[in-house]
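The structure appears below as structure tokens.
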Amino acid sequence: MILRNFNYFSREAFRSLSRNRLLTLATISTVCICMLILGIAVLITVNASNFMQHLESDVEIVAFIDKSVMPSQVQLIGKEISTIQGVKRVKFVSKEEGLEQLQEKMGNKNLKETIGENPLPDTYEVQAENPHDVPEIARTIEKIDGIYKVKYGQGVVERLFEVTKWVRIVSITVIVLLAFGAVFLVATTIRLAIFSRRKEIYLMKLIGATDWFIRWPFFIEGLVLGTFGALVAVGILALAYNSLINNMQMVFFLPLVVKSEVINRLYLSLVGIGALLGIVGTFISVNRFLKV
Amino acid sequence: MILRNFNYFSREAFRSLSRNRLLTLATISTVCICMLILGIAVLITVNASNFMQHLESDVEIVAFIDKSVMPSQVQLIGKEISTIQGVKRVKFVSKEEGLEQLQEKMGNKNLKETIGENPLPDTYEVQAENPHDVPEIARTIEKIDGIYKVKYGQGVVERLFEVTKWVRIVSITVIVLLAFGAVFLVATTIRLAIFSRRKEIYLMKLIGATDWFIRWPFFIEGLVLGTFGALVAVGILALAYNSLINNMQMVFFLPLVVKSEVINRLYLSLVGIGALLGIVGTFISVNRFLKV
Amino acid sequence: MLIQFYNVSKIYPNGVKALNDVSLKIDRGEFVFLMGPSGAGKSTLIKMLFREEIPTRGQIFIASRSIVRMKRKEIPALRRSMGIIFQDFKLLENKTVYENIAFAMEVIGAKPSDIKYRVPELIKMVGLKGKERCFPGELSGGEQQRVGIARALANQPLVLIADEPTGNLDVGTSNEIMELLYDINRKGTTVIMATHARELVRHARKRVIMLEKGRVAGDYPDGEFLA
Amino acid sequence: MLIQFYNVSKIYPNGVKALNDVSLKIDRGEFVFLMGPSGAGKSTLIKMLFREEIPTRGQIFIASRSIVRMKRKEIPALRRSMGIIFQDFKLLENKTVYENIAFAMEVIGAKPSDIKYRVPELIKMVGLKGKERCFPGELSGGEQQRVGIARALANQPLVLIADEPTGNLDVGTSNEIMELLYDINRKGTTVIMATHARELVRHARKRVIMLEKGRVAGDYPDGEFLA
């Protein structure tokens, strides 16, 4: 009985999809475009956030070691730094290496000779697990005996974090707004499509059809339209993004996000949203015309 | 005669707008949401590009002057640099100032004393009108007698430009795509709205109405709906952006774009696009049903 | 099913008083003509039987159940016990003749095999053989009307409600359709038919209820209507 | 306007042969009934007069202009010279009774003052006084039909085409409408009316063209149709 009804409902749904071609096309293309826009926005956000992580992970702490500290003690300080919570990597840069770096930067080939004694201190370059812990870690390092100064681009780093914070806030806001917009646009299209079939619904009710008997084929239609529209969008998105990945690796110095879990989850979500929108949009719109 | 017709057409249009409430609401909200999305995208782009200009304008060239150069000659070199095409500002940083900067950076309070002679060279810091000319200008400066090295963050700057270039390409692509999407979505909604009135059009033709007699009220409706939807979007956009400007100045270190010409031009364009979409969308959709 | 109207009035939202204090009783198995000038309230009365409209005042009972107090969920069952021929046909434009008729059976959950057997029979009965695959837009007025008639007869309803079922039919076809109605009536179905076709009513010699300006202006038992 | 059909056949896209080699001539000022069983092709013939349908074969001339070869731009003028009563009314659902009738006059560019004067007159003529502000959905079947009739009469057309104009009207109203048609005919308008109402045709004693299965089965001059 249930199976029979299911057969009947899907037959009805597909018949109506093929007979109301304009409505079918309109709904599919609306869903498709909305999911495309949403998908592009998410892809851009994912890549921007990936890019910002790269930027942030460039931030490192330089700890200057007091000249008076013994070499043996220097090693101990290094150990101490590496035990601080959140420290990822500690690198010792001796004053000689420091001088070479400075000479390199100045382009002054005989810097070493012109100055008598090396005025630079030994340093530790420290990287944090999470760039946002850098100020905290820097403060801890500063308290270590034998460290007379800690630098991590104070000011610049805060600016960078401010920027990345804002980029994240803006992206999430935009995506949420876009999602709402997409829901609204799809719902409007579905409502118009069903509006133009309101007499059909009215008549079915007059003949004695129950609400669910009328709803089911509409649901299946909504599901098919939403899913299909989203699938088309995902197809376009996947093609475009893959070709971008393939061509960009040469041009662009920063790799695009290719982690397939992330991308696949996005694609799946889009299809899911499309399907859900199709069903829920239909449900709400059909109900409006069932009150007979 | 023409005036009479105009009166008639607009009366018809407004009557139909108020009687087909669902269609009116659907079209207005679709136009509104599409224009909102487009507007938000443009605003983000404008601000991103503004931000990138800030970043780019931070790029400067440091020209190291040979130790053997006489102080009088140093001034001449400065003059020469400032005559190079595209140079915006030239600033002399003496070796003493350079040492102080280094000392500051190291946090080594007695750096000056520890080293006997100042090993640093005099330098010129050069800013370009257009940051993108930096490499070119650097090459020109390098050829000047008495300059032994030029630095401008080679590598980093190219990376920065690469990033800004890509951000621009992506934003323009996204905006173009969004514009197409908006056109398509609005056109679809209008098509559905007019589809549900196809019998009305058919009947008018059977009674002997000319194509233009039928079209005019639809046009006026399309114009009103498109313009009104876009106006609502611009209103929301302006409110949101202004409150963002007012609240952000404290939180955000980089000012949002407030140049009213840019923003106003955006708002005007959105209204224009809305109106145009309303008319063109209607034209195409009505024509489909006029062939009787 | 017994149909009872007690002091039913209907005032439409725009203020038009379509029915004014109508009381009447139609027994199980009766054949009743509803007559009266255009705008007298025939369609309004008919629409109340299947609860397309609700009385503003008064009570309607069908098989002793009040239609006015009926719950939303019970309405489909009420309508499925009836066959309705609409004045404006009300065919599904996106369905073929066959599908339109089959739909009425699908609604009541008829078995596919029953549908396959019954629908062609109905199509033949109303003289539309060969038009099975036509959409309503491809039919003449009278053909559309007959699709509506076939649909109403499909489930052998307890009550058949016909609003002007022969308005677009020639005398010959009209008589054939009337034979179908008499036939189903003889098998026990109550038939209520609104019509303007005096000739036809005169020959039928059935009960006639005359409406005028929303009131019952006359109720003539079988064979007594001779106007 | 003189109307001439030369060997007109109409085969619909779905293969139905609605008209088969029809030739006929209707003079200016004539009153012609078009009769025949449901599906005979009456509506099809009528739709060709105002070019809703085009013949598959053959030629149609109206006032000596070929309708088949007519350019798209000339069609509105043709239709505006006619008044058309549709079998399914074809009222604008979003316009009131008043607006529906006024629309026909606006289409031909009538002066607002003329419209203001003429429309209430027409509404009164068809007996719909008080219904001016109703939408078609708020009217009874017969009332809707009369709106369609008023609209067709609005511009005092050269040719009046009526497809089953009394199908939803009682005998009284029906006779009043016929009087209107006779009246406009007396003033010089050619009237072509498809109908199933034998009684009415018999009394009219006008020319009758009988269609059967798409062919002209009989053409009876004034007063000779007695079936």
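Each chain gets a letter, A, B, C and D, in the order it is written, and its residues are counted from 1.
We take it that contacts are C-beta pairs under 8 Å (C-beta built on N, C-alpha and C of every residue); 3 or more make two chains touch, one makes a residue touch a chain.
Keep in mind it's a predicted model, so treat the numbers as computed, not measured.
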| item | value |
| --- | --- |
| Interchain contact steps from subunit A to subunit B (minimum; 1 if touching) | 1 |
| Centroid comparison with subunit C (C-alpha atoms), farthest chain | B |
| Geometric centre distance via CA averages, subunit D-subunit A, whole Å | 66 |
| Inter-centroid spacing, subunit D versus subunit B (mean Cα positions, whole Å) | 62 |
| Subunit A, residues touching no fewer than two other chains | none |
| Graph class of chain-chain contacts, one of line, ring, star, complete, other | ring |
| Chain-to-chain touches, reported pairwise for every pair that qualifies | A-B, A-C, B-D, C-D |
| Subunit A partner contacts - residues on subunit B that touch it in the complex | 22-23, 26, 29-30, 33-34, 36-37, 40, 44, 51, 64, 102, 105-108, 111, 114-117, 119-121, 148-149, 151, 159, 162-163, 166, 170, 174, 177-178, 181, 184-185, 188-189, 191-193, 195-196, 252-254 |
| Subunit A residues touching subunit C - in the complex, by the definition given at the top | 4, 8, 16, 19-20, 200, 203-210, 213, 292 |
| Residue ranges of subunit D touching subunit B (in the complex, touch as defined) | 50, 52, 76-80, 82, 84, 86, 90, 92-94, 103-104, 106-108, 112, 151 |
| Residue ranges of subunit C in contact with subunit D within the complex | 12, 14, 16, 35-39, 42-44, 87-88, 133-134, 138, 140-143, 145-146, 163-164, 167-174, 196, 198-199 |
